[in-house]
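In this document, chain identifiers A, B, C and D correspond to the written order of the chains, with residue numbering beginning at 1 in each.
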Amino acid sequence: MNKKTNTMIILLFTLVSFLAGRWAGNDYLLSVLILIAINVLMACSLRTIFILEQISLGHVGFALIGAYSSALMVMKLNISFWLALPLSGSICALTALLLGYPFLRLKGIYFAILTFMLAESLRLIAYNWRSLTGGQFGLTDIPGPGTIGLPFLGTIDFDTMENYYYLTLMVVILSILVLFFIEKSHLNVKWRAIKDAESLAQSVGMNAILHRIMNFVIASFFAGIGGALFAHYQKGLSVEVTSRFGIMASIYLLVYVVIGGKEKFSGPIVGTIVLMMISEFARSFEEYRPIIIGFIAIIVVLFLPEGVTGIPERLTRLKQQLKKG
Amino acid sequence: MALPFQVWVQIIINGLSLGGLYVLIALGLTLILSIMGILQLAHGEVYMLGAYAVYYLAVKMGINVYAAILFSMFLMAGFGMLMERFLFRRCEDKVLSPIIISTGLTLILQAGAVIVFGLYERSIPRLSEGSFELMGVFVPKDRMVAMVISACMAYMLYLFLKRTKLGLGMVASAQNPQAAQLKGIDPHKMSLLAMAIGSGFAAAGGAMAGSILMLTPFMGTLPLVKGLAIIVLGGMGSLSGAVFGGILIGLIDGIVPVLFGPLTASLAPLVIVIIILLIRPQGLFGHE
Amino acid sequence: MLFEIKNLKVQYGGAVIIKEMSMAVEEKQIVTLIGSNGAGKTTTLKAISGLKDLTAGKIFFRGERIDTLQPQEIVKRGLVQVPEGRGLFPYMTVMENLRLGAFIKKDQKKTDDMLEWVFDRFPKLKMRVAQIASTMSGGEQQMLAIACALMAEPKLLLLDEPSTGLSPLMVKEIGKVVRDINETGTAVLLVEQNAQLALSLAQKGYVMETGRIVQQGDASALLKSDYIKKAYLGK
Amino acid sequence: MLKIKNLSKRFGGIQAVTELDIDIKERQIFGLIGPNGAGKSTTLNMIDGSLFPTTGTIIFKEENITHQRPCSRAGKGIARVFQKDVLFSSFSARENIKLGLHLHSNLGLKEIFFPWSAISKKKDRILDEKAMEILKFVRLGEKADEMAINLPHGNQRALGLGIAMATGCDMLLLDEPLTGMNAQETDQMMEMITTLRDEKNLTIVIVEHNIKAVLGLCDQVVVLDFGKKIAQGDPDMVVEMPNVIEAWLGAEQDAV
């Protein structure tokens, strides 16, 4: 797969998802599309952390912060949705900044464990801080973006499912583009250098820990945006173990990224869409869905470690081997 | 805090019995991590399956609880060895692939448990009935029994690793896998052994938790979270760290909610781990 | 013939690390394989001890083909390697390290006898049985590593760059130890960059460059050859 | 140029370096020698900032840098060639040098995020030229576009030197630069090091075991043993000192 493919897949994703919104027609399909879009953003931001060869098992922890802070800002402080959305991302970024130093001194498995603990602790806090988060009952009646007048488009009611879908899509695509810019920027070059040889990178003047924190902050910002989008779509938040903010949700995200292919920018987009579609088709046997996803995850890791987006390269290699004999 | 003395004794004993459970989980996780270099995130599900196995053996088939626990440990040890042989051994890298595979297993086993065992809560017969008096407090006997069993198992593991050739070989394999191989130590055999012991310990933990608390298909998540906190706290792959960390986290879980309420309790382990890592990035008992 | 490599080839990914090599070690001989880093020496050793798969070729030890065996099986047959970087267990004591050296030996009594023998040879180790390996100096660690390998009673001892990172004084000590070991009847295959040391110890030498044997022969003759002088001794 | 005063470092219970004083003058090639575990690497790590000393101060160009991180020291003019992480393995040789140049690339935010803009391209071309110059110096001119990981060992070490040069340093720390090289490669590397001092006016600190190289290169050496300085001075003189011979070189030149 050459370098152009990432751009192609982003374009294709944009086009198809816009058309899908038109075709969907009913609220149920639209809600599925909204969840897919949010998860694409979550998975893409999670992959950002992978660039520095770190694995986060706590990405939904930041989504939780984003979701609750956005919902609470709108509900308790009467801040407009349009302001609360970027603010909730910033709160996540700030949290990541504070946690960055103790967290990012650890690498590999130990960083993964810390993020895992973080997500679970955040969930428990949300569960136990009744006065703020409503505890086990969670928050209900979270207002949506409401009606707003836009130049050229007139007045739009973003509380309808279709309009909220397009709003989500716009935010998600914009965020993906920002992440894509970062991927193509010199920042990413430095990140790759730090991944290759951290002490050498420091010796030529790169502040490795600062870059690691920056990377974590950026990823967390977009996770927060994802969470906020979810909060105003769902209109209610809960933090049961099995909810969107349980450990399992983090694991699903990780599976999306790996199955799509973590080496490629487009990997998480492809992985999320493919798996969520499969999961949707398996709706009629609800209980078996985790089993299906689990099996796919195991099989892909064992037999296709580069993920779905690695297939074309694998085929090219196979062809070359066949030619050689 | 002005708590009556009896309450103190009570919460400390609660903490210690929780700690005993956590130690069993953390020892297994640490053993697997240090010898195979992988994070076994389905460890909580092994714990859950171990508990259900005891339930079926003891309640449905009427076998003695202790015999059932022993049997369940062997069963889970076998399951652990199967996981090593057919899944973890085939991973290309040591970090990401095992994480994905074990989380895949978590998904399968949890959902499978919901389908097979159902969502209603069950319980295992108590390890021991009644209670006895200690410093003016009534202590349930089953908690004491659980504590004693955990302590014995931890000590037996210590003796095995320190005194037997096979145990020494395991530790060697953890410290320098390639050199161990050149001494004639088969790394696959050591990995199988680590998974067997780790999974057996998890089963014992699950059975004891099942006799004190309730059985549910999702019961494995909490001990996994605790176990992971303990292995970071105690130090990377250190067994004494796992024991110490287990007791520490157990005590925190026993004491902090009573003293400061559940909100502080939910944050306490993370804060403690972060503070310790800021001072000693390699954990309490870890090597530099 | 104690040990023989025939037409070894090793590939890793797309890169051919060892193109073609053959060599042999007779009973009770010291044979050396010299060459600079990246020549393929360490890969050769890994292939011998079963840590790396061969692409082609055969390896024989005491008349038996060993290239299809697992590392632990090869050790059991008496072919023991001290890897580069010494291969100790850093957080274990000297005693534990030595005991692990005899991991393949079933007989406890024999292990104890062997321990006595090793302590006679390395009296310094006896005084430090309880010391943690990683707290010893580089030279002492190298000695311990060799002692551990001897615990397995090797017929052929493979040493991978024992002189690396050691001071000239320590390098001399290692040289003495290697000669001593050889006098007790153990054959030694010494892989080194330090051509001077290696060739002055060995009876036979092989020179490896970019995955191939480019020179071979009597060690003393090699030491005097212009080729070695120019490329390896810097004279 | 670099003054080390009363430097000590403890790891847990082990005293790695004890009360070390070193004074390195400009344009010196300074050797740090001694047996294994004598504290040479620890000292080097404290000079480049990857370790902080327990006590003592390090002064570089009149500035106290004792507690600065490696990245800020790089900005002040200290660069290091490592023994292991010599280069950025997933980049080409040219890109490796450009990463070394990054402190001098003057990239603004705009160029960082829009590498395809005209200004960035122009700056990139300038960087390319600078990189080629350095590559030619380390004799890798023809291998500019090869992946670093595929280069032969000797070339990799040379590239490592090139990366350090690219930082525009005044002081170069070399950690066993000759390990694993054959005689020819050793000669080339030694020649390069001398040229760096003579033509580029660099001050060079070397940790090395190869006694011939130490004698051939260094103007001044310090011999460490058990973390303490046991001798200092002209290399030819130091190797004759009885305590140095006893601790490091061995009594006579017999077997080796």
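As a convention for this text, a residue touches a chain if its C-beta (ideal position, glycine included) is under 8 Å from a C-beta of that chain, and two chains touch if they have at least 3 such contacts.
A quick note: this is a predicted structure, and the numbers were derived from the prediction, not measured.
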Both-way neighbours, i.e. chains that touch subunit D and touch subunit B: A, C
Comparison of B-C and A-B (more C-beta pairs in contact): A-B
Most widely separated chain from subunit A, with each centre as the mean of CA atoms: C
Where subunit C and subunit D are represented by their mean Cα positions, the distance between them in whole Å: 31
Distance from the mean Cα position of subunit D to that of subunit A, given in whole angstrom: 42
Subunit C, residues touching no fewer than two other chains: none
Junction residues of subunit D, two or more chains touched: none
Of all residues in subunit B, the ones touching two or more other chains: none
Contact graph of the chains (line, ring, star, complete, other): ring
Pairs of chains in contact (touch as defined earlier), listed by label: A-B, A-D, B-C, C-D
Of subunit D, residues touching subunit A in the complex: 48-50, 69-72, 74-75, 79-80, 82, 85-91, 95, 99-100, 102-103, 107, 111-116, 160, 163-164, 166-167
Residues of subunit C that touch subunit D when the two form their complex: 15, 35-38, 135, 137-139, 164-172, 175-176, 193-194, 196-197, 200-201, 210, 230-234
Subunit A residues touching subunit B - in the complex, by the definition given at the top: 55, 57, 99, 102, 105-106, 108-110, 112-114, 116-118, 120-121, 124-125, 127-129, 241-242, 246-248, 251, 254-255, 258, 262, 287-291, 293-298, 301-302, 305
Subunit B-facing residues of subunit C, complex: 49, 51, 70-72, 75-76, 80-83, 86-92, 96, 99-101, 103-104, 148, 152
Residue ranges of subunit B touching subunit C (in the complex, touch as defined): 165, 168-169, 171-172, 175-176, 178-186, 287
